[in-house]
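In the two assemblies presented below, chain A is common to both, partnered first by chain B and then by chain C.
So, the complex of A and B:
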């Protein structure tokens, strides 16, 4: 009897395995016919002639990490994107075509992302994909999209050399880490007159490593001195005493601290440094952009400066309209700037197609249209892809003050 | 009826060889690349799971460190297949000898396996001294060490930033071939004197030692072989994803391989198939669960993380339903694939006659019960003998 059950299951599994191969293509084929032959790029454009005539739709993919370590950034991003898609569709779509939005959760896992982006493109027929998660996942899934000639808009990866690694279909909505770290270095050195800095880096991620590398580089170029460095190498790290001991062992305390960290480490690292009597100004990148850090760490978060993508207190109508719409839809203000980046990504697609697309909504057409984008005005600033696919955007410098986030100034960096 | 059918060589051939190969061929030529990627991921997972089963199931070494070997294989393989030019640009400070080292994919794959095996030898000495939980915890320490080494030798590995830009060598035919060869080698090993000795050590190491079996040697061999194939799997993974970083070969990945092993059945190579199938295919099907869905008339609202929850529930149900894994201790799939019984049986006329009779009985209830029953009993005995 036992054997029978085992064998039956086995057979069922085999059948499922076989079916996984056989049944799914029928679903896929349905979509595939819509965009001509998915494999041949030439076929894609030839079938486009039919699309504008019937009004039609534009299939847009979203690959957001709504769980896992990127969820802090990508849930707001996904919400912002969804909001913009709804608005665009309600207002008549892009060039009269409705957006058909398909969204998957990549779970902050690289292999899931790189396969799901293939699903978005091959099966669902997405012509452009937004989201993509952390830099490594964005590179892996971007590479898949590149091989299929589909443009990707990364909203949370700020890796400046994404285009170099992936190819010409990779676009960044935010600025690169070099720009934000340079802005932080300039603010620390020039505006606050701080001349020595100690750098603490989460050594598990491309983002944090690049951030501290660019900060150190620029701070030194300006004439400052990096008097020491410490790293921690676990995303779940909560004990920063080794780094604190290293700072305390220095002959002279540094004027400033630079933390290249993710949101999760924000409260513990700030609290532990402050408790140890290290009250220096702390600088960081957009990884620390979260009001929650100020709420949790309280006073310990004071005197902390970070760079980010948007100033929600600006009276600019783009920002106020976005805030009102977001708050209405989700019942609370966005937790960080990534909501605005997601929102901008959708409007950027619309802007590119309407301005430069000439009615071509094939994957190749959208990619070329994005390539020509200059002066797109979004919530997070102005985007141009004229000099590469990492926009040179305004950097906003913020400060935590008694449990809140205060916007100090905006910098338009020179590259 | 079913027993007789499952024992029939023609059925084995059709179900385990012909149908899957036909499905793979169809996926390879007939459908979008996405399906190929998922199937390649599945086959890589089969290799990784089968390699872990050698230690965890066959040798009784409960290792949780397979991702460490996977990482070693991924890095070794990638460093060998990348061109010198690419290595110089992606890994600042790479020594010239390593940059110049370049191998075609298959030799690089073997080299990656050997690198994993070499690392296993180094770790084997301390780790295999322990038993049970202690050993398991030590293998966790092992992945921490491997990750720290990969993170902190930036001149060889580009550190935590990882490497990208490897060529996509892990195509469907390539990974299929590697999977078949790996399973064949592992299958022969488990059926050999080596496999029997491992089983003896697993059930009672002292008794085995009294029979002259050198437990240390066999445990070490199992650990090293497992690491070899784990590293091969890692190298295939790297050449599929084209992006690697030390953090990708850490606890999460290790537990994911362990999950597949436990779900499928640790004590058998065949368990790798259902185990890898569940863990690979489920997330793909559930990817749009976040948008909300309807099941049996109930509407499940859109909720972030829903796919993870659904997946966990399914895992728990599978474990409750099939304690000991889906395959338990049955080696049906791999035996049917490589067993002489299948292939020799195809040359016998009776195979076809029996197959037809079984089918006819099943389809038309046209009973000749006596003959079939006897036959099935006999075949069950044969089968059991083989399993033992």
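So, the complex of A and C:
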């Protein structure tokens, strides 16, 4: 997304200078590869099965954005997935077949994701791919996988209309933005009694756009009023004073603020609004699920509520077992809910194949098996794909308090 | 009115930071005809430097001085290792090299510090507000005042150095005509080193101010700011000291005012409008607002 624009600027600058420089036109105008994409994709194969078990192997692909703006979500996600793959292989694999896990770093860049997923499927022979990054990348790479008939499990993309955009091979492990934004609206309007809201949206991503859209929609349906909106584009943009000035110019200050943003903009936007004297409760989606935000923004993060996918303080054995295993492997508790989503994605593949696969581990077989998944119990809740490929799952509402994340309550969406 | 005043203060604040960075682009370009794309990344180097020194327990003023020294060291190493060997190789070669240096720096910091966003926390003093008027609705934070004072002071100091000192005069001579200056006994290497020292030091201060104002930072923070500051230097007339300062302030103010005053839905394209202004300025004044006349390119 942003890197894409940066590379375009660089290419344009180079082209302009090559022309303006009156030098031979053989200059490197068209060859600008841009920031980051010039390096070889980091990644590799972590096949546990140097000596394949008797049942053969299943090649599973991972396309994680472990650098770039999605890294805050996808590093934990990839760690959760890796943990589950190791556990599954150690316990005998899927239907006796070991998982051969191949993964790449898509660097949060759209074009790189499209080519890497083609490589995963065509060269490495992946039968199902997990990860995929933000909705923009997930739609781009998902479309490639769709054309090859390979199922994708998005773990950080929450765009509810992914299936309509991509096709029947696209599955979401988390809930959709409609569900989480509805939960946030309900909490703001009903539980906290806030009746007017101002919405600030990062306009460069499908995620932030859909989050704001669904929040505004439901908040209005409940009887609330959206008294204004501001958008910004996140290309290196960290000055939110235009939005702040607009809020201050309103006749009456809003009861609540809704920010649809990723982690990178979280601390600057919170800090600047608070510094400007706007201390209203702030609401947001799972994009703000990162303790980092509370640590960086400090007091400015107080009175901020966001929705996410799991409550790690629950005493449910799924959650406690995952936490224990993750902490043992990585030496620290997961940074956010995306670790659990990555973990669930791997077990979901195992569950689908073993429950509905009839031993068919071809790409088509796995896709059909995922289609029939009902009541898979994961760390992040229950997943069923009977009514579309975006599961209805419990939404957890959290609050930042003095540099930490506090779980408040869980909301079961009305279907 | 309050809306305008508030927007203007924010714009001036952002513009001041652009100005500090644009000056570095401009003076280096003036002497070497080198567009140093790695210049923006020095902001990032400075922020990490200050952050590490603060974490080591240094007080803020010393951490800032230390960070300026670290950044100047980076600037000099880059000049010595990447640009000096290519000085006679033509503009395209050094331009591409500077892009390579930029990518190298970002990836180096990515490797060492991970892509994680970090907090750049300044003492609470900087967030305190002063009421300027409008019955309390126009306020300014101490951070903004610090930005204005530091930027103004540095611009005045550097402008004095360039006007009055021997090195400054030598620098202007080299910008005018480096061959003639060399023939007159000016040590070109000393002048180039001096330009990089000044440019890197200003970028370091800009980096600390920027991160102090906007709280968080990561290894890729410098690139986009660098591009905008480069545009500011072009608007002002690249090679011109005063032009870079004026261009920086103008760009920052325009960026915020466009975002504030464009109708709903178009506000998000403020950067596009800013670059539209760049095109218009260049159509009427191809050398920028303060640029020297054509014919200097050798």
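In this text, the second predicted complex is superposed on the first by the 359 of 415 C-alpha atoms of A that agree within 3 Å, B and C clash if a C-alpha of one lies under 4 Å from a C-alpha of the other, contacts with A are read in each partner's own complex, and residues count from 1 in each chain.
Here, a contact is a pair of C-beta atoms (placed from the backbone, for glycine too) under 8 Å apart; a residue touches a chain by one contact, two chains touch by 3 or more.
As the structure is a computational prediction, the values presented were derived from the model and not from experiment.
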| item | value |
| --- | --- |
| Partner chain in contact with A:67 - chain B first, chain C second, else both or neither | both |
| Touched partner set for A:409, first chain B, second chain C, both or neither | neither |
| First (chain B), second (chain C), both or neither touched by A:264 | second |
| Partner chain in contact with A:250 - chain B first, chain C second, else both or neither | neither |
| Which of chain B and chain C A:206 touches, first, second, both or neither | first |
| Partner chain in contact with A:143 - chain B first, chain C second, else both or neither | first |
| Which superposed partner A:233 touches (first chain B, second chain C, both, neither) | both |
| Contacts of A:118 with chain B and chain C, given as first, second, both or neither | first |
| First (chain B), second (chain C), both or neither touched by A:242 | second |
| Common ground on chain A, meaning residues reached by chain C in one complex and by chain B in the other | 2, 6, 9-10, 13-14, 17-18, 21, 28, 32, 38-39, 66-67, 71, 203, 233, 235 |
| Complex contact set, residues of chain A against chain B | 2-4, 6-11, 13-14, 16-18, 20-22, 24-25, 28-29, 32, 38-39, 66-67, 71, 75, 102-105, 107, 109-112, 114-116, 118-119, 121-123, 136-137, 139-140, 143-144, 147-148, 165, 203-206, 209-210, 233, 235 |
| Chain C-touching residues of chain A, taken from the complex the two chains share | 2, 6, 9-10, 13-14, 17-18, 21, 23, 27-28, 32, 35-36, 38-39, 66-68, 71-72, 203, 229-233, 235-239, 241-242, 244-246, 248-249, 263-264, 267-268, 271-272, 275-277, 292, 295-298 |
| Chain C - residues contacting chain A, complex | 2-3, 6-7, 10-11, 14, 35, 90-92, 95-96, 99, 102-103, 106-107, 110, 115-119, 121, 127, 129, 137, 139, 141, 214-216, 218, 220-221, 223-225, 227-228, 255-256, 259-260, 264-265, 267-271 |
| Contact set on chain B toward chain A in their complex | 2-3, 6, 15-16, 19-20, 22-24, 26-27, 30-35, 37-39, 41, 147-148, 151, 159-162, 164-165, 168, 237, 240-243, 245-248, 252, 270, 273-274, 277, 281, 283-284, 287-288, 290-291, 304-305, 307-308, 322, 326-328, 330, 332-333, 380, 383 |
